[in-house]
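Read the structure below first, then the notes.
First chain written, first letter: the chains are A, B, C and D, and each begins at residue 1.
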Amino acid sequence: MLEELKKKVYEANILLPKYGLVTFTWGNVSEFDPETRLFVIKPSGVDYDVMKPEDMVVMDLDGNKVEGDLNPSSDTPTHVEIYKAWADKGVKGIVHTHSSYATSWAQAGRGIPCYGTTHADYFYGEIPCVRCLTKEEIEDAYEENTGHLIVGEFERMGKDPIAVPAVLCRNHGVFSWGKDGNEAVHNSVVTEEVAKMAYRCETINPRVQPAPQELQDKHYYRKHGANAYYGQAKKS
Amino acid sequence: MLEELKKKVYEANILLPKYGLVTFTWGNVSEFDPETRLFVIKPSGVDYDVMKPEDMVVMDLDGNKVEGDLNPSSDTPTHVEIYKAWADKGVKGIVHTHSSYATSWAQAGRGIPCYGTTHADYFYGEIPCVRCLTKEEIEDAYEENTGHLIVGEFERMGKDPIAVPAVLCRNHGVFSWGKDGNEAVHNSVVTEEVAKMAYRCETINPRVQPAPQELQDKHYYRKHGANAYYGQAKKS
Amino acid sequence: MLEELKKKVYEANILLPKYGLVTFTWGNVSEFDPETRLFVIKPSGVDYDVMKPEDMVVMDLDGNKVEGDLNPSSDTPTHVEIYKAWADKGVKGIVHTHSSYATSWAQAGRGIPCYGTTHADYFYGEIPCVRCLTKEEIEDAYEENTGHLIVGEFERMGKDPIAVPAVLCRNHGVFSWGKDGNEAVHNSVVTEEVAKMAYRCETINPRVQPAPQELQDKHYYRKHGANAYYGQAKKS
Amino acid sequence: MLEELKKKVYEANILLPKYGLVTFTWGNVSEFDPETRLFVIKPSGVDYDVMKPEDMVVMDLDGNKVEGDLNPSSDTPTHVEIYKAWADKGVKGIVHTHSSYATSWAQAGRGIPCYGTTHADYFYGEIPCVRCLTKEEIEDAYEENTGHLIVGEFERMGKDPIAVPAVLCRNHGVFSWGKDGNEAVHNSVVTEEVAKMAYRCETINPRVQPAPQELQDKHYYRKHGANAYYGQAKKS
């Protein structure tokens, strides 16, 4: 079942080492199928260079394995919670990585400020860093509660997940998302790149401030929404 | 039309990912043809690995598309303004990138000081960082006003664009130029390299000063002008 | 003799340049054979690209060469001491490198704090940095005393080498280990990666604290011990 | 003439881009032939990927071109002075680069302290940074005076060029040397690597001190001199 999607998810997973976002097996991509309301995800702990499309695991939104010989990624319950909350808003692909610069920000417990147009082209404002889970949340259901926390914090901060398609989890790593697995990987690459630039930028000028709001708006809306004019595709 | 130039501009664009200056489609190269007073530029948002020479777009200096199926780079109006002001001074190729270290300086709002001969071999003095556009300039005609700002600031600072073939745009990225697209790419590579060294240099010695003027002069004039003696070509 | 193991040790050595952990010949891998109580190690100063499996050297735990035309790695006496103390605890592969970030921490004389789950997935707590040898220890038997120091310091600190499979040697470099040469290389890669992230993390937030203990526990025990649930293998 | 040596020098030059030590044409290697007292050097400003062995230029120690169609490297007079002073001490290969980290130290005006054994394995003590030339020295004979300065400063500091086979030139770049062009390249790679580690090391611990002298001695003499025991070659 979902053979087409398995192939797509496999290929999106393979992009993670290609873009230098993962070491060993430290990452996973999933994609949601709106018709069946199932999603396909990487198996846990399988090396990228031996993994095959048929190793992908099919899951439902109750966290049950629907098809697959292997265990799904141990982060699967986080994907479940994000899809449950946001799939109907358009979040149909999710990526988790420990990409090097972004994870350094996560370890430092800080969100990535929007210092320039590279960031504003993809993210409307800061990429937030959510708090650590409490001892109780960790012991109760760590991965599921990570999903609850992300969704809850976006709500609390009034952030639209479509406009801010990534989050840092304190002391942990990065989740990013998009309209499919491929776009989620794309947003992961951008997160790493802006994490790198923001890191250097603060070293060059320790008193740097975020980019002016009007510049952030200009770049974000040049690429998104009804009046976008970047690229070739017609937006409507 | 301009088939030869389209091929040349295509190849110069392909150098951007080769030299690690761009992520995804974040960059563009154009080249000006003095005979027809047209220029050829990369199409907007097209991936480097599927782009073909015939995808290049031909533009005139009024910003009209003269030939091409695709939309030109969204930064085209910036290229137009630079050619209008400087093509007759010898600026016949322009590159825009968000290359990682140089953009970190742009985000920090600082020009790149001339700390050594690597810089002085290519740039006479600091690579300046021009201010952000105002809200009005952004809303009115963002890309065109970026071109006006660059040209105006070089005039105000008394900088010769031939002797300082790159600029940082605050909170944004880098524009570089040269006698053709290829030389503009070359200057983009150098900008990134000196941005990298200047960043580290200030960490190693926070009180570092620019290189002595006589050393800057020596290296710049060893490679440029009537008395140049670097390389194989005769200068006259 | 031990032809199979020589091939394995050769291949583990070849992984060091593949993962970017060594420059020139600055690294070595060995693996211990519990049956014969011999170990196989890289020859000293031989380039990775001309080295062959049959160049590997067979040593006993008294530091005698049992087989091989070439001199063993000059760090062999350190390997001997570690196997003598820890082989029966499960340490059957050892790696030494001067990998760039981890060695920077060693030169700075600091252990690598556990700032996040990437670290906690592999190491239970800080990767310690042991002191320099004294003048007497250096002059007496430098490499052997390095082994004594590592083993002695782990005992003094109450650290289990299985739970903390790497150490920094002050002003020197890294030793890591595992259940075979391959796992030791794996732990070397992780050490370098967490060294890199911890370095950046402290720059981003100079007052950063280690990750909460409950998060460290969660990630460590998600991958290790009777209740591990990461990956595909059954643990018992 | 010297066909064998031209090939060797060509190949040593080709190692510079291979090891990531040069951008474009920013580097050169020469090697001295003790029999004829001539040396072979890279031509000026020729791209590494079009350069051929027969392009190498043969020079004498008075700075005259003895053979070759192309201009020699513009740094040739520096090579001349170094060979004149040190060829009889064993310096028979010279490399000049602007390698990125080492040049950052040169721009910062600081020598590279010996923070660990990676450094001590190759360099006995700090890699010094010599002062800028004066206006008069620059205008009189820049490249020749660079050579005089290096030789004079080593004498003044009581440093043996064989034991410290590299130098930083303030605001400029790196010269390294060895018993042939290949060893000089090797020392250039090490200089870049220790520059990188020292840079990070000072960030991790701003109060770091050089490695203890007895550890520096141990590592230096483990690889050099009559009692060396690293590697396979017999020393006598």
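Criterion: a contact is a pair of C-beta atoms (placed from the backbone, for glycine too) under 8 Å apart; a residue touches a chain by one contact, two chains touch by 3 or more.
The model shown is predicted, which means the values in this text are computed figures rather than measured ones.
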item: Number of steps on the shortest touching-chain route linking chain A and chain D; value: 2
item: Chain whose average C-alpha position is farthest from chain C's own; value: B
item: For chain A placed onto chain B, the superposition rotation in degrees, Cα atoms, nearest 5; value: 90
item: Shared interface numbering between chain D and chain C [over half = same, under half = different]; value: different
item: Centroid distance [mean C-alpha coordinates] between chain C and chain A, Å; value: 33
item: Junction residues of chain C, two or more chains touched; value: 202-203
item: Touch relationships between chains, expressed as pairs; value: A-B, A-C, B-D, C-D
item: Of all residues in chain C, those that touch chain A in their complex; value: 115-118, 186, 189-190, 193, 196-198, 200-205, 208, 211-212, 214-215, 218, 222, 229-232
item: Chain D residues touching chain B - in the complex, by the definition given at the top; value: 23-26, 43-46, 70-71, 74, 98, 100-101, 103-110, 132-133, 135, 138-139, 142, 171-173, 199, 202-203
